[in-house]
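Chain lettering (A, B, C and D) follows the sequence in which the chains are written, and residue indices restart at 1 in each chain.
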Amino acid sequence: MLNAITYLLSATLRMGTPIAFTALGGMTSERSGVNNIGLEGIMTASAFGAAVGSYLFQNAWMGILFAIVIGVGISAIHSLVCITWGGTQAVSSMALVLLSTGISGVGLKALFNQQGNSPQVPYLPTTTPLEKIPVIGPFLAQQSPFVYILFIVLILVWYMFKHTRLGLRIVTVGENPKAAETAGLSVHRIRYFSVIFSGVLGGLGGAMLSIGGMNMFQEDMVAGRGYLALGAVTMGRWNTWGVFGSAMFFGFFSALQLYLQTIPNNPVPAEFIQMIPYVATVIVLALSASKQNVGIAAGGQPYTKFVQQR
Amino acid sequence: GGSGSGEGGGTDDGSLRVGLIASSMGTQSFNDDVWAGLEKAQEELGIGAEYIEVSEVSDAANSLRTLIAQGDTLLVVPSSEFHDAMMEVAAEYPDCNFMYLAGEETGAENVMSVEYKENEAAFLGGALAASLSQTGKIGTVLAVQEPLQLRYQYGYMAGAKTVNPDCEVSVLFTNSYTDTNLGQESAKALYDKGADYVSCFAGACNLGVFNAAKEAGEGKYCLGAATGQFDKMPDKIVASVVKSIDVALYDMIKDYMDNGTFNGGGCTVLGLKEGGVELRYTTMNDELLNSIPEDVKNSVEDLKNKIINGEITVPGTEEEYNTYIASLG
Amino acid sequence: MSVKYSIQLKDITKRFPGIVANDHITIDVEQGEIHTLAGENGAGKSTLMNIIYGLYQPDEGQIFINEQPVHFQSSKDSIAHKIGMVHQHFMLIPKLTVAENIVVGQEPGSRLKVDRAGAEKRIRELSEKYGLKIDPHAKVADLSVTEQQRVEILKILYREAEILIFDEPTAVLTPQEIDEFCDILLGLKASGKTILFISHKMAEVMKISDHITVIRRGKVIGTVRKDETNVDELTRMMVGRDVNLSRRERKEFTDQPNLLELKNVSYTVNKTVKKLDGINLQLKAGEVLGIAGVDGNGQEELVQAICGQITPDSGEILFKGDNIVKKGIRARKDSGIALVPEDRHRDGLVLQYSVADNLVLGMHYQEPYAHGRTWMDYKAIHKNAETLQDDFDIRCANVDVPAGTLSGGNQQKIVIAREASRNPDVLIAVQPTRGLDIGAMEFVQKTLLEQRDKGKGVLLFSLELDEILSVSDRIAVIFKGRIVDVVDAEGVTRQELGRMMLGSHRDA
Amino acid sequence: METKVKKPLFALDKKKLQETGLSLLITLIALVMALVVGALVIWAFGSNPIEAYGALWRGAFGTGIAFTVTLGKAVPVMLTGLAVAIAFRCSVFNIGAEGQLLIGAMCAALVGAYVHLPMVLHLPLTILASMVGGMIWAFFPAVLKLKGNVNVVISTIMFNYIAQYLISYLILGPFKGPGESPATATIDKTAQLPDLLPKPYVLNLGFVLALVAVVAVYIILNRTSLGYEMRAVGFNPNASRTNGINVNRNMFLALLISGALAGLAGGIEVTGSLDKIVNNFSANYGFNGIPVALMAHNNPFAIIFSALLIGAMRSGSAMMQSSAGISKNMVDVIQGLIIVFLCAEHVIRYYIKRMGGKKNA
């Protein structure tokens, strides 16, 4: 029993972390008023970037750096399109997914002359040395360093929105860009920052998939986690802890799903067990959603001289 | 790039051109091995070879036609989801020949088919894992509950139960061939439950399984698939359930070129007997190889012979498996 | 003594596609004065203010601030020149606190930590100094309109603005609040600030201005000293004719039946707050019943209850004798209740729809606009629109342009025209003249009286006592969800009404 | 602007025509820009862009057969595009077209294989079944929205996953057809959409059905009171409610119609080309409906063209792979670039107008 709990806990963390990174990034971007339903694309490209960096320098940390750079690059395209050009955010997002899939595939061929996946690259193994710490050691030993980075990021994001100037400005810009402008803020600069910041976090999320546990990039390895991250942003109601909690909620049910499958002679078809995370989400939403709409007031709306404002 | 040879996949000298359609390449799976066989034929036999990745099932027929338009006369179709498209195009182009590598198809003169008995090799894999297991628990990570995967599953389980009726065999499905992280987590879940040998047959998810074996530390091992995969994790992969299409395909093409042999309308069955599938011990880690007790090797060899000479009929479906277990007593 | 100028505009011209919003405008604003800008809807006042504030760049002309030429690229530049602006539509973020709204953009403290305590202290000081009572800690979402306005003012005072621009600040205020607000402006002026003020309400313009500049169709008609002019002259300058908003005679209707009767209607939100508390009310055919009251005393809920947007907890609403409490919004409209809602942008119009489509909103499924409740007949809709455009003098390029491109006054005319064209038995009009220029106001009021004269019942909700007094036949005063009293409009005074609005009975 | 100018109706049409021309010009410029940047990328990765584009063109339009393939590829995304568009017009963001398509396809496959009727009945019934299936799958998020105010974006995402697993289960479990392949049984001949052209052309009646759907959606949106209400709700739900329009009902209906269209896309795939359901048969048709709809500004007729664009990219991709040696991923890149540059619409419009303005001045 205890065994099962520690397993579930540590698997929850591992499986929730990439989603949490990306979702926290997505939340920041959305709070500034720029939606990105293509988080999947950022994750894909940066998972690839992580493998490339790690391969080129034979150093996993360089892989993380690369992933962040790629994440920033992809989100910079999104910012250019949505913020400067006033493009439709959902369209740009879908373009990101295509571009990311495409670039990582083309890149595999160009860099490694390989199809489908990269060669094995250095990665960040679990923090096994921590096993010696009493009581929680065995638990910590199962975790990837990314999990620790996540907690730093979590506190950072929370602090940013709670206390910093920037956090306040991001919220202002997302709720009422015109008000922000009349208060002397640059809507574009703040939105650029937020979107690019989401690229950084999406980059970490993607990197965790390819070099935090695994040691290579595989096409389609993101497998919908970007969409789950998107779900976590909404489910967490654009609140740092809520978003984190929702990501972990997905992590937990994914872990539970695997755990249930390992129970011998269980008569439930695997597909139904695999459905659990998604069904659970729907149920939780149905039970918890309030009559009140909590969105971002100016979310999804471009704000630029190219688009006439009213 | 889909073309095997430098320029547009063609040879100008009129030699054989072979085309392949595959749902995706680089999933560490069958498709890659098929392509490896074609590449070998390209190098050594001078054929032209190329492939098209088909992202939608409904594209398959169109892709075959495109290949034929490029001048390919022998088409290789490695997976069952393209079966209908292949039959449709085969009827349109009676002058082209088709090699169907995913099961029996005897309905057309220009189609030859190959049926694999993965369950026979998996049986040996299960037997080996169960014999080596210290905990009495083993597992396997599969992708999707399709017939091919189920053959593997029931063969593996039957093999394990044959050598150790008390052995607990856990089976996990990822429902994906590419979600390597899920593959890894699946294996972790199995190791965590006490399994010490985990096999896999789930495309790229296998790579996750190998990594999980490494992270699980001492006393935890895994079995590979495809053409061996020993290079992916030499310290942990004890043996692999091998389905060596590369060699088989190369041979078939060579035979086709040299002798014009084409088993049109027929089906070639590839099992242990024919050498189409096998359980291959690690080729990259002598220490690991030597750690396998001789008597275990012998009893596996023994089982293999029994399968070849028909004493054991390996189950490939749930029904057959239940009957088989009942027959064990 | 030489006069110093805070703002000088020289030949400012601003063009929008198809229109010259500001046409060579030249205005001088003296330092320390209150300078009012008046003019019809769409005259170009807001545009001009946005130019001064740096949100728009003029196509031609030159701005001088404190007699120095300036070129503003954004509001950042104008803020640097100590200019502040309160916009016609508030620029606040409901989710944030008062303090956060005020300081954002110039937050005290360090980059890494906004000094919230410091901000609140500073805001308290400011609010004491200028008499703007506010709790810096409150969420803006929970504030009343006046309080929100105070936040807007504090926002610019916090930025130490010396030149304050107010774009129609009083449009949303009650008379009492307007008095308070005027005092605030005079206080600001006394402390040396220069104020640019836009309003359609002549009373307050005459009360506080030093100079008044009238704009029409983008051009300056003239600038006058307040002492040397009067309301009639200003009105003529603005609309080019005389406007009469005084009390108008009514046809006599005797012994008319009750069209609408409310019996003991109560409504409670969140199980605790009684918004409507046993309302009893009768509206007769051929009368205008004005509902007077301080904003937020249950007017909104009363309208919603009559129109079916909320269901009262208890009581009966009888319309032509039938209890309609159980009926839906559409059924009530169809049976003859029409509504001119308070917020035309939010509830009145679909701004993206054409004028013609808006003119059938709510009737769109009926003959002749839709056949068999299904097939739209856009020819009929177009024809209807052209008729109404003529009847109600709706000014637009044609009836196929989006309603959002019309000026506020003309948008309001669309709503009024539509609701009147339903030929209802009861017309409910909520703040129908809010934000309208004096000419449009006259037109709207005239329309309401025409309905009355046709024998309909009109229920007029207004915060403007003048409007209530000049249009109504009887006046009901609402206070804390109760009808304090219903009096004859003839003979009641503003003072009496004002007292009743605070809850005391007329005789008391 | 405040003066009343009565313009004859034909002047309005001229303006509309001008606007359409401008939109086309903008799209053209965006396409050219995308292709130029795409050429640079192809070149950077060591291939010949002219050869690549040549192959793409030949693969998509080069022969009669290729052209029919392009038309056929456009069908499912045209329908999912319509599905996304009609919901969007009512301000419902349906990301769930993918799941609705899957369930629709499943229903068609079951009715096609297990019900036996003469063609005049069987085919319509099968098509209808797919629409009902899609509708059912949209029904759940719709009810959740109505009763629990659950965000449609997230619930439809979840229902996509649930549909995928459910389909997987049904294909591999209870409804697995004969043979090796993870697929349902082949549907009866009486449930298969007839071909429009003789073989080897590959165009079936599905294309016509899709065009009918375009017209139907146009009519619903622009000619019926339902459409009037749905668009009003999409623009301003408050004003709609105040004026007696039932906002929830309209959103509910929009989502159901959207689901039916997505389901139809699945049904046509099954009855038109696959004749059964194969695992993973939908290559993100549902998701691709989003850019298809939005590129077309949710305008039904414009969706025909944006769907054809996607269809051409998809059908040309095989030729590009095999004859120019360009990986299928490059097609994704080019598709992505095209969509990115189509997003520059406002910028292009701005500069066109500015240039036009200067000329006039």
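Rule of thumb we're sticking to: a residue touches a chain if its C-beta (ideal position, glycine included) is under 8 Å from a C-beta of that chain, and two chains touch if they have at least 3 such contacts.
The shown structure was predicted, so the numbers you read here are calculated from the model rather than taken from an experiment.
Colleague: Centre to centre, using CA atoms, which chain is the farthest one from subunit A?
Modeller: C
Colleague: Whole-Å distance, subunit B centre to subunit D centre, using C-alpha means?
Modeller: So the centre of subunit B lies 37 Å away from the centre of subunit D.
Colleague: Roughly how far is subunit A from subunit D, going centre to centre by Cα mean, in whole Å?
Modeller: 28
Colleague: At what distance in angstrom does the C-alpha mean of subunit C lie from that of subunit B?
Modeller: 75
Colleague: Going by the contact rule already set, what residues in subunit A reach two or more other chains?
Modeller: Counting only residues that touch two or more other chains, subunit A contributes 109, 115, 269, 271, 274.
Colleague: Two or more other chains in contact with one residue: find those residues in subunit D.
Modeller: If we look for residues of subunit D contacting two or more partner chains, we find 165, 168, 172-173, 327-328.
Colleague: Among the residues of subunit B, which are close enough to touch at least two other chains?
Modeller: 1, 145, 175
Colleague: Quick one: which chain pairs are touching?
Modeller: The set of touching chain pairs is A-B, A-C, A-D, B-D, C-D.
Colleague: Provide the residue numbers of subunit A that touch subunit D in the complex, in ascending order.
Modeller: My answer: residues 37, 77, 81-82, 84-88, 90-92, 94-106, 109-110, 115, 224, 227-228, 230-231, 234-235, 269, 271-272, 274-275, 277-279, 281-282, 285-287, 289-293, 302, 304-307.
Colleague: So in the complex, the part of subunit A that touches subunit C is made up of which residues?
Modeller: 163-166, 168-169, 171-172, 175-176, 178-186, 297, 310
Colleague: Touching subunit A in the complex: which residues of subunit C?
Modeller: It comes out as residues 53, 55, 74-76, 79, 85, 87, 91-96, 100, 103-107, 109, 111-114, 155, 351, 404.
Colleague: What residues of subunit C sit close enough to touch subunit D in their complex?
Modeller: Those residues of subunit C that touch subunit D are 18-19, 42, 217, 307, 309, 328-330, 333-334, 339, 341, 346-353, 357, 361-362, 364-365, 370, 373-376, 386, 389, 395-398, 400, 405, 407, 410.
Colleague: Quick one: which bits of subunit D touch subunit B in the complex? Just the residue numbers, please.
Modeller: 47, 59, 65, 69, 165, 168, 172-173, 179-183, 186, 199-200, 202, 269, 273-276, 278-283, 314-315, 317-319, 321-328
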